[in-house]
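Could you have a look at this structure, given as structure tokens, before my questions?
Note that the chains are named A, B and C in the order they appear, and that numbering of residues resets to 1 at the start of each chain.
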Amino acid sequence: MKKSLNALLKLTSFELDRLSKFLFTLMGLTLVINLAGYIYTPMRHMNKINQFMTENSATAEEALQTFGRFSFYNALNSFWIVGPIVIGITGMLFYSVFIWYREWFGKNTFAYRLLMLPVSRMTLFFSKFIVIFIGIFTLISIQMVSLFVGYPIVSAIISDTYASGLSLMEAIHAHPLFLFLFPLQPSYFMVIITAGAVMLLVLFTIILIERSFSVRGIFIGIGYAALSLAIVLFPLFLPNLLKNNYLFYSSELLIIELILMTVVGICSLFVSRYLINNKITV
Amino acid sequence: MIELRDVQKSYGRKKVLDGITFTANKGDITCLVGVNGVGKTTILNAIMNLTPIKKGDILIDGEKMTTELYNKVAFIPDVAIMLPGMTVGETMDFMKDYYDTWNGKRAKDIVRFFRLNTTDKLSELSKGNQAKVNLLMGLALDVDYVLMDEPFSGIDIFTREQITEVFSSRLVEDRGVLITTHEIVDIEHLIDKVVLLDNGRIYKEFNAEEMRETEGKSVVDVMREVYNG
Amino acid sequence: MSKYIKLSSIILFIAVIMTGFGIYKIQAKTPQPDMKIVTAEGMPKYIGPIELYGFVADSNGGFNYPTVELDNGNFTYLEERSFLKRLDFNYNPMIDELIINYRSFMRGKSPQPKQFAETAQHVVYVGSESDVHWSTSLSNQMTISVLDKETKEEKTFSVKLEDSSSYNDIRAVYTDYPSLTLLVSTDANSDSIQTHAYTFDLENPKDTLTEATNLTKEIGTNDYLYVGETYDKTERYVTLQTAKENIDSMYGYSEEITGYYAYDTMTQEVIKLDGFDEGTRLFTDNDTLYVGQKTNSGIELYELNQDDQKKTLLGEITLSIPDAQEEMSYYGTFNQNMSILNGKLYAYGYTEDGSKPALQISDINTQDALFKGTIELKDAKKNDSTSVDIIEYRLNPLID
């Protein structure tokens, strides 16, 4: 047990080392683009107000009526913040696929070495899985840091007359994207994390199916994805199947959903274990 | 002893291994011989559980292959298998990290013998030196068996000589070596046993020395007979 | 160890930031403002039956409108419920309470208060398949379920409407256990919607619902029929109102009340009530009908003798809630903001300046104000920036 945990730690650290360049790029990109947004969006707003006041000889009050107050939420709800988040999500999704295929299609066939390590092959699987999650949480954390840095910047650029007084936490709460990304409501966040973990397990399983059965594997993989999706979405069809929209309470549907997701996750782990131990081909 | 019993494998309808049965003993150099595409590499991959077989058994000293046995059997493929960004030294550290049977002293000896530079990046190495790194990773392990896939392919004459030297050195002494090659001339005199493959089947299995003594034929002579005739 | 530096620093980074964020979140969280009932007159004990939901909007609080609930005189915020209980929350105080108390009975039933009648001993539900599964086509089949609160025994009857017409909408369910009266609108697709009254005996069930009265025929008009909002579904009378649309312009229309009626669930007769003009309202409580007449300062309340339609003046109730004087109708019911329950007149609305929700309870016989008051924030300083909007209101007839 201690030996396999040690191997997991070593492999996770090794995988993280390989991810680090990509991760640091995404972190840097997030910080730089966000910073540009924290400066550009409030400045544009102030410029618009100043221009309006000069051109129309208007008072601050009239400018306020036309443009409204500027809040940190306005800065958050811009390309400068949403963009890097989208890039981060897409990047990690891409990396989740890349993390396996690079072992086969890289310049050297590292899959040979990895699969011949005298450690349980599932250790490889878990190390890759953990690293993706470390990547996701690092990006979430850097986004948090960025918001804490950005709030005083925006507040400094927007003069008090035109500021809405919305606090940092209120602005974060108001943005639907952060409800998914940040642990604002712990239970809800846990549901999102569970769903994400199951999605990743299914994706890894599909990759292993393809790596085990090649072209035929693509079709089996699509089938596995469809089956997983059907199982997870099944509760949504229950009202129609049972001809009653109120047969289950929302809390029960969520629990059923969590159970089904767990079942899909565990099945994926077993399928993956079987494939990586018996079917995978270098 | 590495033992294969009625091993079968196909890609779609095409049978690549059809009833392969042979043994490779500890202390012997067993050579899988055949032209390209007869299934030599597939056999080695199958022994290392790097490709599934359809039927049959593969046993290492009577046990089925498990991950623990990677401490007992080393495989040296004919492609580079470490990350190109790593240096030779990092490769050695990596092996030391994971393999209980990694022999650091022997590793240093091999580095010296092959005149490798531990600070060199793998991506900057010549094909020959990359093959040497592969050999280093396999031979520095205190294993009972070493599998080598085409160790001479695409390698210059001087490197070839160095590698050939390995076979007569204490690096392979007492170990069971299973080697695939279609360029047999260089090591013919060192081989104990030959398994001749044709179309995924074993065409002939013989002791090289006996063949020389009883029939006066070299391994290459037998190959000529099989593949030309 | 040096090879773990990257791993340990990244994990440390995540842990520090997440913890920091968590601490900041807790610190930055301004607790929801505490609410209180401010009594201007009378005693707050009388507000027991009032159940309401409101949105609390703080003009400095961004986009967060927490839902506050007043139940039995106590305020609680929806977010105080656990995550799973919050998921099951129903934005109707009656349905929400029924789900909390009779979760199993409420399963699979349409969450519309008009389809339920609750007494001290029973909960009755009437619905059809199309009420719970919207894509099912209308049929004349209906389900009647009754729950004995004490024994938890549930009885379900499958009944069909006497005529073959498919039913459209259950308008009201009244019970004088074991007798059940249903008001049902049928033939939604035809030009003229017919509203029928059916009776059903819960102790002596039959598989066909017998029509007691065709309300549309009895009333003799195709004008739209409104049902009075009565929170106690054991009353004898169902108050009714007909209204028609007047097209005022290309884009606007107004509604004109064309008549008041009461359906007597005992005699199964429709009583046409005459002499109503603008500002008149019709109420029912127990076995009696009441008429309210708007005055400058409140409402004059009359008891109505249903035999000769003679009105006896009970007295004038002064209303401190200006908007309660205007009748409010929506979703096919009227008398949203004022009703009589167990001898008391309940009214709700907002204070004159529109800033605070206001409640008033008066004794209909003495016209004394039993309670007059407002819902305010405990922290008076916040009253200027925070407003409470009532979104749901009901009276719980089982609380006195």
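Simple rule for what comes next: contacts are C-beta pairs under 8 Å (C-beta built on N, C-alpha and C of every residue); 3 or more make two chains touch, one makes a residue touch a chain.
The shown structure was predicted, so the numbers you read here are calculated from the model rather than taken from an experiment.
J.: Of the other chains, whose C-alpha centre is the longest way from the centre of subunit C?
T.: The chain farthest from subunit C, judged by C-alpha centres, is B.
J.: When the mean CA coordinate of each chain is compared with the mean CA coordinate of the whole protein, which chain is closest?
T.: A
J.: Using Cα averages as centroids, what's the distance between subunit A and subunit B in whole Å?
T.: The separation of the two C-alpha centroids amounts to 44 Å.
J.: How many angstrom lie between the CA centroids of subunit B and subunit C, rounded to a whole number?
T.: Distance between chain centres, rounded to whole Å: 83 Å.
J.: Two or more other chains in contact with one residue: find those residues in subunit A.
T.: In subunit A, residues 10, 14 touch at least two other chains, as defined above.
J.: Okay, in this complex, where on subunit C does subunit A touch?
T.: Those residues of subunit C that touch subunit A are 3-4, 6-7, 10-11, 13-14, 17-18, 20-22, 24-25, 28-29, 60-64, 83-85, 87-88, 99, 103, 107-111, 129, 132-136.
J.: Mind listing the subunit A positions that touch subunit B in their complex?
T.: Going by the criterion above, the answer is residues 7, 10, 14, 18, 106-110, 112-113, 115-121, 212, 277-282.
J.: In the complex formed with subunit A, which residues of subunit B make contact?
T.: By the definition above, subunit B touches subunit A via 45, 48-52, 67-71, 75, 77, 79-84, 94, 97-100, 122-123.
J.: Under the definition above, what is the set of subunit A residues touching subunit C in their complex?
T.: Residues 9-10, 12-14, 16-17, 20, 71, 73, 134, 137-138, 141-142, 144-145, 148, 165-171, 173-174, 182-185, 187-188, 239-240, 243-251, 254-255.
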